[in-house]
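Please read the structure below before turning to the comments.
Lettered A, B, C and D in written order, each chain numbered from 1.
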Amino acid sequence: MPFVHRFTVPFADTDLAGIVHFANYFRYMENAEHAFVRSLGYSIHQEHDGLWIGWPRVAAECRFEAPLRFEDEVEVEVTARAPRRKSVTYEFRIRRVSPGPEVVAATGTMTAVCVALERENGAMRAVPIPADFLARLAERVNSTGG
Amino acid sequence: MPFVHRFTVPFADTDLAGIVHFANYFRYMENAEHAFVRSLGYSIHQEHDGLWIGWPRVAAECRFEAPLRFEDEVEVEVTARAPRRKSVTYEFRIRRVSPGPEVVAATGTMTAVCVALERENGAMRAVPIPADFLARLAERVNSTGG
Amino acid sequence: MPFVHRFTVPFADTDLAGIVHFANYFRYMENAEHAFVRSLGYSIHQEHDGLWIGWPRVAAECRFEAPLRFEDEVEVEVTARAPRRKSVTYEFRIRRVSPGPEVVAATGTMTAVCVALERENGAMRAVPIPADFLARLAERVNSTGG
Amino acid sequence: MPFVHRFTVPFADTDLAGIVHFANYFRYMENAEHAFVRSLGYSIHQEHDGLWIGWPRVAAECRFEAPLRFEDEVEVEVTARAPRRKSVTYEFRIRRVSPGPEVVAATGTMTAVCVALERENGAMRAVPIPADFLARLAERVNSTGG
């Protein structure tokens, strides 16, 4: 089963067309990714072996299939594809579950690269995904067929 | 020459990694699209022949190549691909021009479909792009080789 | 007891100083207000007697006492002051509950006026708060000493 | 004369009521503050004598007088009140200048405290405003009667 993150659409996310502004779907995907990472016992922003690890995105895309509106109940499914040594690609399915009938509002993907952050000057360099996190991720991928 | 939209990165667009949050790149692309449409004498949200016209997105993607930071000077190039009857695809190149040297921070595309909006109930249906706007867009595409 | 709305601080709400950007506290207050209104069986954006009702703000203020950071667990307490005929003032207390010890991160108020919205042209005019909603609100104020 | 910052209202800043969402007014005030500080030859986020200086807000408030809409042309006037040793209060007047007639959309204030940031752990402590910046600010306050 993919990981599922649930939320209610906030008022501020809508625009004058009466629907959720499309840029917010990327925040929804990220929030679901971060909740998924927390469910594995990690944070996407933490210290590993004395390095601050971050996950800047190298690519993101979304296909919008049905609008979301204020107070819709939404579920975002997250699946991690088989991770590479320094990057992970996540797949997302954003579903409106209420008011019904349930529809897929959007599908998307996001690729994030694992970097060590130099906090003094903001420099970033790609590093191998920490082994313990990679192991938890791989376990999850296997269990979900992701 | 592609249309170019310029701005300075606002503080609120950065995140704790010290760089612009990736979801904001989609707002940057949209702001450039809208400035481009204004440069043609139109607005992306206006009445044509008694219908309210809107342009919801059906797809958007971005490849992130270099980070943007607070107070960077940025230029977004917009090129319209040959428009279809009811939709347009825009291509974007986001460049950091200061502090130098100039780099491409991201490239992306966005496809928007022309809809008539029922303002009372928020319903939307795809309609042909208004002829006068389509003519201005085609003219611009031809002059830019877009 | 005041109504309490809980959430986890999203990554995108932080800024380069590593803390939640102050403008987001106003969204947090609004989200809590809207959850409170839903808890009374209403929506802040709905039809009453053939009018679309909205609640634009006439004033908002916030005093920031302690920073919030990514993944903090937050509770927002909402109290409605005795409502007036066409407007309501809400008081908010934003508390960080994890990681501990618990602290008050901010306190604020927001005054919203009840308006009828003309959806065709966006015009708004102040109207009396619908009687049934006012009754539920007053009941809640009395039970909380708000 | 107060410092004036100009911009065009972006689409993403509107909400389903067809007007700019109120939380964005606080970003507008901040953008104007930062442009004002740049006009003095400084940045609100920079190194002074080996310390990273930041300006977290301790209070912000806004009174909303007229709505702003998509593509409105807006001017934000910034006035610094006589600065204190470790904090500054800015006053803002947000005016819609087009489409006319010109109206005051909102007025607000923001108080920011000068802190030294420990970038490794995010700790902040209030410090005296750097003398050179304080001098430029005081000069500006005197010349504007602010």
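Keep in mind that, in the parts below, contacts are C-beta pairs under 8 Å (C-beta built on N, C-alpha and C of every residue); 3 or more make two chains touch, one makes a residue touch a chain.
Quick caveat, the model's predicted, so the values are computed rather than measured.
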Farthest chain relative to chain B (centres taken as mean CA coordinates): C
Higher C-beta contact count, B-C or A-B? A-B
List the centre-to-centre spacing of chain B and chain D in whole Å, with centres computed as mean CA coordinates. 27
Using CA atom averages as chain centres, what separation in Å is found between chain B and chain C? 33
If you average the CA atoms of chain A and of chain B, how many Å lie between those two points? 24
Which parts of chain A, given as residue numbers and ranges, touch two or more other chains? 11-12, 16, 18-19, 23, 27, 30, 45, 69-70
Okay, in this complex, where on chain D does chain B touch? 8, 10-12, 27, 30-31, 34-35, 38, 43-45, 70-71
Counting only contacts in the complex, chain C reaches chain D at residues 16-19, 22-24, 26-27, 30, 45, 54, 56-64, 67, 69, 117, 122, 124
Contacting residues of chain D [partner chain A, same complex]: 11-12, 14-16, 18-19, 21, 23, 69-70, 119-120
